[in-house]
Amino acid sequence: MLFQVEMTVRLPADMPEAEAAAIKAREKAYSQDLQRQGIWRHLWRVAGSYRNVSIFDCRDNAHLHEVLTGLPLFPWMEIAVTALCRHPSSIHEDDR
Amino acid sequence: MLFQVEMTVRLPADMPEAEAAAIKAREKAYSQDLQRQGIWRHLWRVAGSYRNVSIFDCRDNAHLHEVLTGLPLFPWMEIAVTALCRHPSSIHEDDR
Amino acid sequence: MLFQVEMTVRLPADMPEAEAAAIKAREKAYSQDLQRQGIWRHLWRVAGSYRNVSIFDCRDNAHLHEVLTGLPLFPWMEIAVTALCRHPSSIHEDDR
Amino acid sequence: MLFQVEMTVRLPADMPEAEAAAIKAREKAYSQDLQRQGIWRHLWRVAGSYRNVSIFDCRDNAHLHEVLTGLPLFPWMEIAVTALCRHPSSIHEDDR
Amino acid sequence: MLFQVEMTVRLPADMPEAEAAAIKAREKAYSQDLQRQGIWRHLWRVAGSYRNVSIFDCRDNAHLHEVLTGLPLFPWMEIAVTALCRHPSSIHEDDR
Amino acid sequence: MLFQVEMTVRLPADMPEAEAAAIKAREKAYSQDLQRQGIWRHLWRVAGSYRNVSIFDCRDNAHLHEVLTGLPLFPWMEIAVTALCRHPSSIHEDDR
Amino acid sequence: MLFQVEMTVRLPADMPEAEAAAIKAREKAYSQDLQRQGIWRHLWRVAGSYRNVSIFDCRDNAHLHEVLTGLPLFPWMEIAVTALCRHPSSIHEDDR
Amino acid sequence: MLFQVEMTVRLPADMPEAEAAAIKAREKAYSQDLQRQGIWRHLWRVAGSYRNVSIFDCRDNAHLHEVLTGLPLFPWMEIAVTALCRHPSSIHEDDR
Amino acid sequence: MLFQVEMTVRLPADMPEAEAAAIKAREKAYSQDLQRQGIWRHLWRVAGSYRNVSIFDCRDNAHLHEVLTGLPLFPWMEIAVTALCRHPSSIHEDDR
Amino acid sequence: MLFQVEMTVRLPADMPEAEAAAIKAREKAYSQDLQRQGIWRHLWRVAGSYRNVSIFDCRDNAHLHEVLTGLPLFPWMEIAVTALCRHPSSIHEDDR
């Protein structure tokens, strides 16, 4: 089941660089693991912002919640979730 | 080059059904043609609304404009465009 | 899987009363059928408005979409969907 | 008398973990006590956010205010209240 | 139990004057009857707008809904409801 | 001359309790003094929030400004003012 | 007593030109009469819009309401009122 | 050339009083100097807020920018600018 | 003196095609004439919308107002004006 | 390919002046280098604000992202991007 998720990151400008780098490294590893599992199906950067547009493929709402709240950057994120479903005009088999 | 596009359709409730059906049929054909060409890369329905979330792969901004204004439903749509680019954490080759 | 849905109805003030009554009667029958099936789990009126707050229990996003777009009043509704999941502090077994 | 309440929690990212854990533990106990009394009738997590959607059954507005301002997390919450009443199409006896 | 209610009236500019006058006359009678009963406790005009600020004293949310949806101008109104309760610093016995 | 005033208080969560208590005590005394003079005609708490809805009876705009900026909590308040006047349907002599 | 008032005019694009011209002529006469009386103290056009920014000098809120609702264009206007008072740094005697 | 400018001041509540008083004194002197030169043509306080509504008469946009960014309170202000011009119905010679 | 202007066009979907075409033709001629005079310095289409972003070089606010209200499409436009001035980091002589 | 970009800078009011000056100097150098390369085609100051309106000419969305996130002031900026394309009525060859 697919969800569009927009994540905007607001790290405080005075966070020590090493701390920020460590969190971002954990975020990257976490994200790539979920991508390999097919849960985080798409991940794009919004041009000009510290924001991404993502498509998640989760078993249900609870699964999505578990995945998103596990993000190392979650405490500094503003997150918007949109429930998606198959569009009748889509010809792509995996645009479920 | 990728763009996220959100289209919300607002057909007047009193449009004759046959007219609406004809426009939607042309919209579907137009959309599927662009999907087959790889220009309209993803198309999802937003659950509960007459709205979609789409990903377009266009040569440039002008190409995107030409494609969107050519939509048979364009006169009744509200459209929001977000320019995307590759995310450094993405592992998907085609999430350009 | 649960969703909170807010529906605001905007019937044009000049719709003939008989037409409005007929649509509302079909809406009521449709709604009560879904309530009996356990799909439309809760339905409340927002005090002072032609708006409701509802909780739906659907198999997935596609099921929710099918149910909502089937509403006889759908063409005159503004709908907002929020994906819900179980709260760790809930003691109610069916607040899934 | 029913009210829908949406609570969004914004704990500062730099609050000591032990302090946050202590407040959350008190919040959980407070919430479950009210659920057992039938005052906090429903409690759901909004998927992807530190936010909940709740239904309260209170004697009156003053009772609701007393209950909400007593929340251990109240100082860090943004709260939106919607007064509800029975919907004429509802078939659930307890969707008062 | 008290509620603050803001009502904004949007009569179409092309409604025949006689029709508008008839609806407003019924609105006035309806409003004054509720004022005499003590249900519509305060009624003020917002300076410069076709809008009012009102305080209602109702038995419960359902009573408020019944009173507001019975307004002859209801189909042309936008209504915002705020549940009120006694303020600990109030010295007015009837600011319940 | 009447004004509706909405005051939302945002005390920082880390303000020492004694300091907050002292400010609130002065606020209460200030408010009750104005109520006794008939200037602060109504004062209600918004259920579920640290916000009030008030009606002030002032000589003019300057008087209102003097009264509001004198509030001990003024530096932590967000204030919205609405100028009111008598409603032609009001039957209450003092809803001026 | 001074008020800043912003008026935005939204005449329907299909109003017959003669009708629009007649209303605007009455509006102009009404406005200039109030300017001569010193009630409509300032009147500026917002560059690029069918909107004005005005300063009114009225006896009280009721006077302002009477003046604004008497505008021939009132039914097609959106109006925002801001109550003003003398600024402690002003050196202009008539910026009351 | 006239501009309407709205300035909202947000001094941090914990700024030392002496520091705030010094900035405000410089602001007052700066403002009165510009008023004497005829550049800051009107200055009103918005009743109930730390906000003003002003009319500036500047040579051009650059002049306005220079004047506003020179305000001692500029770093703590939110500023909204509206370009004005003469209204065809104005009878005041200096409402340019 | 430069201004950024954003124009959004909302022609009614049921305007006869010939009428729309005639207005657009007049709009194009009007726009190109102003471009040739150097008044309408830049004109870009917003990708995916019937909206443009423009830069005007006018003598003053009144000139800008005259130019914009003369647009054949003005009655169907929503217009936002931003006063610009030279940026201290600009190296372009004509980015006045 | 052109983009309109609006950048609003929010430096904390308590940032040491030397630090702010150093960042701004690097920003200026960075900006002028991009202007010389023809990438940052226009740069204007919004009158009365610490905000600019800019036009960028980039190879694609990724190029724009690289350029914007490299801004020394990026961590304190709010950025809005609008994809532009040639307007059919434009007569300027370089308003691509």
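Should a chain be cited, it is by its letter among A, B, C, D, E, F, G, H, I and J, assigned in written order, with residues numbered from 1 in that chain.
Following the convention adopted for this analysis, contacts are C-beta pairs under 8 Å (C-beta built on N, C-alpha and C of every residue); 3 or more make two chains touch, one makes a residue touch a chain.
Nothing here was measured: the structure is a model prediction, and the numbers come from that model.
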Of A-D and F-G, pair with higher C-beta contact tally: F-G
Option in F-G, H-I or C-E whose residue-number contact pairs overlap F-H by over half: C-E
Rounded Å distance between chain C and chain F, as computed from the means of their C-alpha atoms: 39
Chain B-chain E separation of Cα centroids, rounded to whole Å: 44
Averaged-CA centre spacing for the pair chain C and chain B, given as whole angstrom: 27
Touching two or more other chains - residues of chain E: 2, 45, 47-48, 61-62, 64-65, 81, 83-86
Of all residues in chain J, those that touch chain I in their complex: 2, 4, 27-28, 31-32, 35-36, 42-48, 52-53, 55, 82-92, 95
Residues on chain I engaged by chain G in the complex (per definition of touch): 5, 12, 61-62, 64-65, 68-69, 75-76, 79, 81
Contacting residues of chain G [partner chain F, same complex]: 1-3, 60-62, 64-65, 81, 83-86
Partner chain J, residues of chain A touching it in the complex: 13, 45, 47-50
